[in-house]
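In what follows, chain A forms one complex with chain B and a second complex with chain C.
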Partner chain A sequence: MVTAVTSLSRSGLSDWLVQRVTAVILLAFFVFVGVQIASGVSYAEWTALFAQTWMKIFTLLAILSLAAHAWIGMWGVFTDYLTERLMGSRGNVLRIGLQLLTSLSLVIYVIWGIQIVWA
Partner chain B sequence: MKDNRPVNLDIGTIRLPITAYASILHRVSGVIMVVASFLLLWALEQSLASPEGFASLGELLANPLVKFVVWGIATALIYHSLAGVKHLIMDFGIGETMEGGTLGARLVFGFTAVSAVLVGVALW
Partner chain C sequence: MLQVSVYRYNPEQDAEPSMQTFEVDTGGKDVMVLDVLEEIKARQDASVTYRRSCREGVCGSDGLNMNGKNGLACITPLSETVKNNRLVIRPLPGLPVIRDLVVDMSMFYAQYEKVQPYLQNATPAPAIERLQSPEDRAKLDGLYECILCACCSTSCPSFWWNPDRFIGPAGLLQSYRFLADSRDTATEERLSRLDDPFSVFRCHGIQNCVNVCPKGLNPTRAIGHIRSMLLKRAA
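And then the complex of A and B:
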């Protein structure tokens, strides 16, 4: 089973580090946005927040981190369970198919996110 | 890599420790978040598009089914975040023993349960 070709960076050590850096960015983003929502925001306050350049950059950074983090995470799940050993040769077909679907979805998330934040 | 390397750990035949359930749930909650991110992006788009869009999200949240989905996403995100923080702490060599792993898993389950209740109270 060749799995390295579908990993994010083709290197396990690099994927390991990217997974942690993106995790910290996502945690910071979700904690920050979570506190805003929990404290109650009006439409005016909400749009004013997302109108600021630093928030646009923070949001896009979080969406890019999500794409990389999800790519690495889903790769780990797919290559562990959808395998030839567990499912026979259809495991390979299913894995590659779902990996393509996942990566395509994540690229769409990024493009959509850019449009939401900068449109 | 050899195609037919031997597998010496058949997890189907082993009674799993709490750390294994913590790990499996970290994966499950991660997969849930990949799908939920679509809904979160949609909600962000609606909330920023117009005052009507922002208000319609508030109305949507009155629906019990929507409340339950939001609660589920929040709980999955909280669990995944706490389990991730546990991972980062263990990367620094803290709690890497079996006892440490068990304690870490229990703490993550405990904090998630408390947070899930608090999110539920805030929503209902």
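And then the complex of A and C:
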């Protein structure tokens, strides 16, 4: 059976809220970055922007939001389609394998992102 | 002649399900899909199996999938569903088939049972009855009318994938029917049982349920109300 132990918060309400809040943060971040790029930035301006503490925090927030958002979303997809009900015990193996892979890549991306922004 | 294709499956005899085609003369009349099935059963093949009882949209027993859309056969006129003179009748999707158009509703009822669909009140019973103001009574409109036909839940992808964990639109509509009832005092216990990631939150607002409900009810709205109650409770 599919259980909720691997969900982000184990509460449907918190997962749902986190999903919405992170969506807003991501939207704000990408709109902001999009506007910067659209208005044309030079290398110097770009590095100056990312040298500011608030931008680093904003970026960090966006990276963490992306990880949380991706996890909740992928968890939903995996527990819908890769289940014992639909594909027998193969479903469990596939689901847990992909969950491991997803969490591993998200951790790597977060660490990598922090290194880029804060190094 | 109307071309009617009916899903046939007798697990005791057939290796797999198949579609059987019948030609039905409706005499140009806009009859109901159930009438077509009765005609087939009476004159062409008595072994075609389906459920029906009231034949007027009250009992909820003839929920079927007609040309891809769930509904009650007895109140679905041909003009509403037939395209290019073809009618394809299948059982409700997502539930195990017992025979032909008859599905095993156990999973559907198990979810209904989970929401404890009866009034719970911890206060001593009054001598005559528990009164309710007309305004409070009005809050149950659009909720109590459900006839448990399962058209909604069996059109919901979230219910197809997790029928054992997602309560589904029908069960959730009834859950809210008791959450909204001024005479019910078990609100907190009811809500605490709904907070996991599956019971309510598997609803992604696809609204298939609203689209098919033969009673014109809106489970998605009820689910939204449950979500706000859970939010308020947590805040």
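Quick note on the criterion: the second predicted complex is superposed on the first by the 118 of 119 C-alpha atoms of A that agree within 3 Å, B and C clash if a C-alpha of one lies under 4 Å from a C-alpha of the other, contacts with A are read in each partner's own complex, and residues count from 1 in each chain.
Assume contacts are C-beta pairs under 8 Å (C-beta built on N, C-alpha and C of every residue); 3 or more make two chains touch, one makes a residue touch a chain.
Since we're looking at a predicted model, the values are computed, not measured.
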Could you tell me if A:7 is touching chain B, chain C, both of them or neither one (first, second, both, neither)?
-> second
- Message: Just to be sure I read the superposition right, which of the two partners does A:73 touch: chain B = first, chain C = second, or both, or neither?
- Response: first
Open item on the list: Looking at A:15 after the superposition, I want to know if it touches chain B, chain C, both of them or none. Which is it: first, second, both, neither?
Closed with: second
Of the two partners chain B and chain C, more of chain A gets touched by chain B
Name the contact category of A:98: first (chain B only), second (chain C only), both, or neither.
neither
Report for A:46: first if it touches chain B alone, second if chain C alone, otherwise both or neither. first
* **Which of chain B and chain C A:110 touches, first, second, both or neither** => neither
Touched partner set for A:64, first chain B, second chain C, both or neither: neither
### Message
For A:85, using the defined touch cut-off, is the partner it touches chain B, chain C, both, or neither? Pick first, second, both or neither.
### Response
both
Check: chain A residues flagged as touching chain B and also chain C 1-2, 76, 85
Listed in rising order, the residues of chain B that touch chain A in the complex are 1, 3, 7, 27, 30-31, 33-34, 37-38, 41, 44-45, 47-48, 51, 54-55, 77, 81, 84-85, 87-88, 91, 122
Contacts from chain A onto chain B in the complex sit at residues 1-2, 20, 23-24, 27, 30, 38, 43, 46-47, 50, 63, 66, 70, 73-74, 76-77, 84-85, 102, 105-106, 109, 112-113, 116
Per the touch rule, the chain A residues reaching chain C in their complex are 1-2, 4, 7, 10-17, 76, 79-81, 83, 85-86
Interface with chain A, chain C side, in the complex: residues 157-158, 161-165, 194-202, 227, 230-231, 234
